[in-house]
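Letters are used for the chains, namely A, B, C, D, E and F, taken in the order the chains are written, and counting of residues starts over at 1 for each.
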Amino acid sequence: MIGIINIIIVLFIIIGAFLSLVAAFGVLKFPDVYTRNHAASKSATLGVMSILLGTFLYFYVEKGHFDSSVLLGIVFIFITSPVAGHLISRAAYNSGVKLWDKSVQDDLKLAAKSKKKN
Amino acid sequence: MIETVVLIAIFAISVAILALLYRVIKGPSIPDRVVALDAIGINLIAIVALTSILLKTDAFLVIILLLGILSFIGTVAFSKYLEKGVIFDHDRDN
Amino acid sequence: MINFLILPILIPFLTGILLIFFAKNVSLSRWIAGISSFITIIVSALLVQKVRVDGIQTLDVSNWQAPFGITLVSDMLSALLVLTTSIILFTCVIYSFKTISKEQERFYYYSAMNFLAVGVIGAFTTGDIFNLFVFFEVLLMSSYVLLVHGGSKIQLRESLKYILVNVISSALFVITVAYLYSVVGTLNMAHISVRLSEIGESGIVTVIAVLFLIVFGLKGAIFPLYFWMPGSYYAPPAPILALFGALLTKVGVYSIMRTYTLFFLNDKDFTHQLLGILAIITVIVGVIGAIAYSNIKKIVIYNIIVAVGVILFGVAVMTPESLTGSVSYLIHDMIIKAALFLLIGIIIAITGTSDLRKISGLIKRYPGLGWTFFIAALALAGIPPLSGFIGKLLIVQEGFKEEHYWGAGIVLMSSLLVLFSIMKIFINGFWGTPQAYKDEEAVPVRKLLVAPVILVIISVLYGAGSEFVLPYISQAAETLSNPSIYIEAVLKE
Amino acid sequence: MKTNDIILQTTTKVVVFIIILFSIFIFFKGHYTPGGGFVGGLLTSGAIVLLLLAFDMKTVAEILPINYIYMTATGLLFAVGTAAGALFFNVPFLTHAFGDVYLPILGKTSLHTATIFDLGVFLVVVGVTMTIIQTIGGDE
Amino acid sequence: MEIVMAFVIGILFMSATYLMLSKSLLRIIVGTGLLSHGAHLLILTMGGLKRGTVPLLDEKASAYTDPIPQALILTAIVISFGVTAFFLVLAYRSYQELGTDNMERLRGTEGND
Amino acid sequence: MSLLHLAIISPFLLAILVPILYKSFRQIHTGWFVLPLPILLFSYFLSFLSIQEPITKSVPWIPFLGIDFIAKIDGLSLLFALLITGIGSLVVLYSVYYLSKDKEKLNTFYVYLLLFMGAMLGVVLSDNLIVLYMFWEFTSFSSFLLIGYWYHKEKSRYGAQKSMIITVFGGLSMLGGIILLYIMTGSFNISEIMEIVPSISDHTLFIPALLCFLVGAFTKSAQFPFHIWLPDAMEAPTPVSAYLHSATMVKAGIYLVARMSPVFAAEGLWLWLVGGVGIITLFWGSFNAVKQTDLKAILAYSTISQLGMIMSLLGIGAAALHFEGIEKSVYAAAITAAVFHLINHATFKGSLFMVVGIVDHETGTRDIRKLGGLMNFMPITFTLAIIGTFSMAGLPPFNGFLSKEMFFAGMLRVLELDIFSFETWGLLFPVIAWLASVFTFLYSMILVFKTFTGKFQPEKLEKKPHEAPIGMLISPIILASLVIIFGLFPNILSNSMIAPAINAIMPGNAADVHISFWHGFTPELFMTIGVIATGILLYISLPKWRRVYDLFPKKLTLNRLYDGSLEFAQSISKKLTSGYMNGSIRTYLVYIFSFFIVILASTIAVKDAFKMDTSNISSIGFYEILLALAIVVASISILFAKSRLTSIILLGSVGYTVSLFFVLFRAPDLALTQLVIETISVALFLLCFYHLPKNSKNEERIRFKLTNLLISIGVGAIVTVIALSAHSNKMFDSIAQYYVENTYEKAAGKNMVNVILVDFRGFDTLFEITVLSIAALGIFTMIKLKMKGGRKNENK
């Protein structure tokens, strides 16, 4: 039983670490802020949540300690991360950061235009 | 076994943080930096969690939530600053 | 009451907090500040008497036996300094009524003053090296607030420099405490003393002693660490300047006194020699500065440096008599510097300038001011029977006795140049052709004079009544020259 | 520029609640696990800052009509009051007392004067950080 | 580890000193920030590193890390936070009033004659 | 408190009353209220004349330090006390007429004068050296105030400052001597010191003490080269000059030398210095007096010279200590001459000053080039002047003649001295003495004849001259009659006053003092005749040789030296100070850090404090190295950061790394706090620096950077080295174990750090939050308090 859970924990951690790396790679390599934000807010968040789950399980199993603050942390990140990503993107857009020159579509621009017309 | 994995994970995340740091310093735009900083904050959480496992103590687990909170507030503040040039509005209706 | 010795800290502390609530009501603030500082004087005087009768008072805060908690220790030195501090606080507070604008008073001016006093008194009282750091920060923080209070350009500019220097010195303080902790593993000063004396002579301890000298020297403005001081002290208005000049550097001096008599006794040939040399150079550079300027503020400010050198020379000589001299001179200097700064404040208020070349003939219209200043100047120069004499006499005497001829000679002759520098103000500012000044009429000179006159009277009594004062002072010096008294009182072994 | 902050404001309401809960948790557990009045206070002010970010100073002032300077002073009074309380029992300044009290519902509860002291710290920290942030943020 | 930390602290102090000697006010304040970081790490190092477990009594450990340096650092952190905040605001106000953040232009030698 | 003490204090007490009297009785000249006191005191002191043994009364002042107010009256003190009160009475009387009650600030004048009187009495009547020193300084300061009495005059202020600096310098030097004596003898009391003296004369401090005392005496008595203050002191009102600067205060130095003779005179150096300096002063003073054109200046230089004469007599007289029997009394005769001349000088110089005052008062000038022919207008004054000057010149039958004869006799004795290599150089003494007397004769003649005879030049005078009011004449008349009386009947003084005084100076020398008018045709008499002959010759040919004075280089005078050195001191200190006090905080930090590096590095080197002990260190983890690298990289890259945002972010990352270190080093509370604080700090940085300019390209030169680099590396290295040594020197266990044991038991907590914070060291926390609160108040004030219309800035 413990062996299995240990394996789960290890899995969680490995997945988390991998996702984090991926996210970092994305932030490093993607061409503009919007795509980078995409990588950061999705992949990294998932990675961390996975690691946290691993940690939670570890302490629950190994130490018999039900740590509510880790759970709360997971919930918290779950709530806030998307909002943060959204805010950054919007801020970037509103402060005039250009899209990647190979971007194909800018919906917000259209929306803003139509709003102006009204 | 867990320890080895945790060490490897820490290493991976450290590499990730270094990469993000590069982005922070390089930019080019400020939102880029903010994105990277936000990601660093999130990764720090992971590091703390992993370190707790490594040290076999639950004393640091509160830090996880704390970091989450700080990272969120920081990101909100940054984006607001970028968008509006001020961090606090005096009166939003005016 | 076992908590008696905390009252001089507690009263200004509570007053400072209460004044935050009542800050908008200026006249109520004044009453509270004035009355509470007066009560502090009474309480400190009682404390001095208690120490005289019952010996060193200690208080293990939070009821943890020393060295595990923080212990407050009122030996005679600290009790006397606390009394002096409270007197100076009182005079500066009542002086402020007429000099500080209501606008400023509303912005927590008296709170900051009280907190400053808390810091100073706490630093004098605490028996814990880290707690000393905390009290240093309290007084520094208040001094930042007071220095910049009012926000004129020069204040802002000088505050930047002042804070920078003090941040550095605080950081050094912290690391020094850390080094010391590494070596002895304790923070209680008496306990440190015990452990250090067990170590005996040790290179690292000497290094730490030098570090402490640098840390406190930065605060006490000794050579070559005093450079920040003249500029920063030049900026604030008179009552704040008086508080700074009388109290802040003296806390540094007190700390050197304390550490060099309690901790670092195993390598006196090195540490105290160094202290002595620096003290003498401090006297010299102070004198050079004092005669260089024809700006009344600067002249008095440089005289602070001279006094610091004189006091520390007495500490470096390290005989019971020289310590008596140092303590006596320390208290004298606190009182007389406060008086001089307040007097100078009046001059500046009348004339609107601190440039001596633009001032003349004041004595014709303001004889009271002139003669108070004259007496204060004589006291500063150490003319008997005024307050500075006994201290200087003892310091010089012991200097000669211990064969530090050069040092003692320089200390002796520094009096002449001090007198020259301060009399320059009297001769050129008070004498000379009387002239009219703008805004002169609006200055309530008589009311302003109350505070400095109180101080000058104290100075005169302190000197002439040396016979009554000296037993107290020599009790203080006895504790300094014989650390085991202090240690026994604290550790109750 | 006027912007639509619905997403942020809605999230904030939830998140602030979580933060404050967490800070209270951290505050009370301080004697046993990491935390205490200091971090608790900082977190609470973090929550208020979040409110300020999501809404505006006027709105927040309406929700929380607090003079933060008075709050600081009150905190100091709490702390020094706890400490000075010892004076009335003629025990050394700042001596704490604690004991177990049986309360009707909660059962055996440990009461500790240190908590009041820590509450002072908490208030001071909130007061100070908010004073600083408000003054700077509000300066034109 | 203590040796490594001693060098790390040395480098922190070095950078801090270098920054504090420069002309720009911002760099100076950043320098003071580094300085306090260095000082705090030093306290911790001087107390001895990793001499036991976290100083929480629950751990049922044979040895605990020395809690005193930690308590001292906590106090020091808070104080240096207060000072830094004050310093920052002062810098801000000074820039408003004096119009420069170059310390060399803020000499001012009033009364030096 | 005895009557004697009361006598000393009474002038001070009256001084307190003077302003009140002045205010209440404006129409009565304040001098009248003052006058009774010196007269009363004079008669009080007269009552001591018959007393043989010294009287000592002691009042404890600071017995703790052996400082008691011991009043002792013996022959010497009595002589001085009588001089002080006697001349004092006359001067007060004179001043009543001299100073107009409408124009002058009489209250301050009499306060000063009374202060002086009390101080001077204190000097001569104190047996305790510290008390003596106190009164000594009092005399300096009252003299300072009196010289600066007309403070609106530039010259008055200059003279006041000069006299103060020189006499206080002397006073301090004397204090040094007192302290040295105390170290040797353990007592401040002159009587006790005298008893111990024989045993200390070999002490290494003996000579320094002697020198210190002599500097004190020489400055006060205006001896060469310290005499320069006295001519400038003539800016004081004339009664003051008569009183302080000729009759009494300047004689304090003489008093001191006489008083300390029993202590120091056994030393050969004393003879040489006192005698030599005295004789040089005598010559230099008289020589310079001749070229003066201001009457008071002539008198000033004359005073200098006469004081030198008394001093040299005291020096030669000290030889008596080295002999026994008849020879002893031969040398002691020099002392007799000194004491006798002391009295004589007071009488004739006092009267001359008053005469000059009258001339000044009635004509409005003291310049002899403008004066002349006043004889017809003021006959009484003229007569008085004749008496005074002839006595000064040493002409019979006035008292000056007698003392001059005795002076010559004393100087001739030097030829016979065979100790302390006087046999080689002793000849100089009589030669110089004779020369000086010639000049003395000369200036005396100039003084009287240029003023009162010759051509009357009314056009140069401000007022029409006429005889002075009788009141103003009373005092000089009394003094002039004393000049004659003492000249004709010198022996009324000899046993009543001179002998006891000599007894005090030379204890155990009970030789009968007898001064006779006619000695027979002695060498002295021929010397006097020579003086008169040469003097007359020189007077007649004065215009022809006057140019001699121009030969003296103007730039090398002592006055120039004084002014120059004062100016030099001020300008050099100005230059020095503004050299290093340049207002640049960087410069200051460079000094401070350099000192830090140098002093600590040398301490470490000297004390061999560096020690590295690897036995006591903890393991190094891989991730710790990683963090260490991160912190190092981040902190170093701040140095190269171009934009302010980068540096702030890098600072933040250092802070976060630090908190990770806290995690690794088992400090959860710290990590928590550090994280939050760091975040807030970064936010504050951003908030505050929003308004600041972008990091402006400050041209920092290579040298600038290099200095910074060197210093910072030094600081870093020192911190590291000490850290390593301190860690390797852990000598004790930390007190932490106590907390481990008691945290739960006695403080009911489990988080040790938190329990320390709120309980064990709660006191720290209490004030730590106070610091925070003050910071908040300060920040609030800084931002919100913007003074309306700017602050009334006192620094502009």
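Basically, a residue touches a chain if its C-beta (ideal position, glycine included) is under 8 Å from a C-beta of that chain, and two chains touch if they have at least 3 such contacts.
Please read these numbers as outputs of a predicted model, since none were measured by experiment.
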Given subunit A and subunit B, the chains that contact each of them: D
Most distant chain from subunit C by Cα centroid: A
Greatest separation from subunit F - chain, by CA centre: A
Between A-D and C-D, the pair joined by more C-beta contacts: C-D
Chain closest to the assembly centre - both centres taken as Cα means: C
Centre-to-centre distance between subunit E and subunit A (centres being mean Cα positions), rounded to whole Å: 33
Intercentroid distance (Cα basis), subunit F paired with subunit D, Å: 63
Chain centre separation (subunit C, subunit E; CA means) in Å: 27
Interface hub residues of subunit A, defined as touching at least two other chains: 69, 72, 76, 80, 83, 87, 90, 94
Residue list for subunit F, restricted to those that touch at least two other chains: 574, 577-578, 581, 583, 585, 589, 666, 668-669, 671-673, 676-677, 680, 684, 687-688, 719, 723, 726-727, 730, 734-736, 739, 750-751, 753, 757, 759-765, 768-775, 777-780, 782-784, 795
Subunit E, residues touching no fewer than two other chains: 20, 25, 38, 40, 42, 45-47, 53-54, 56, 58, 68, 74-75, 78-79, 82-83, 85-86, 89-93, 103, 106, 108-113
Inter-chain touch pairs (all): A-B, A-D, B-D, B-E, B-F, C-D, C-E, C-F, D-E, D-F, E-F
Touching residues (chain side subunit E, partner subunit C) in the complex: 20, 25, 28, 32, 35-36, 38-40, 42-43, 45-47, 68-69, 72, 75-76, 79-80, 82-83, 86-87, 90-91, 93-94, 97-98, 103, 106, 108-113
For the subunit B and subunit D complex, residues of the former touching the latter: 59-60, 62-63, 65-66, 69-70, 72-73, 76-77, 80, 83-84, 86-92
Residues of subunit D that touch subunit C when the two form their complex: 69-70, 72-73, 76-77, 80, 84, 86-87, 90-96
Touch list for subunit D against partner subunit F, complex: 30-39, 42-43, 46, 68-69, 72-73, 75-76, 79-80, 83, 93-94, 96, 98, 110, 112, 114, 117-118, 120-121, 124-125, 127-129, 131-133, 135-137, 139
Subunit B-facing residues of subunit A, complex: 6, 9-10, 13-14, 16-18, 20-21, 23-25, 27-28, 33, 36-37, 40-41, 44-45, 47-48, 51-52, 54-55, 58-59, 62-63, 65, 67, 69-70, 72-73, 76-77, 80-81, 83-85, 87-92, 94-95, 97
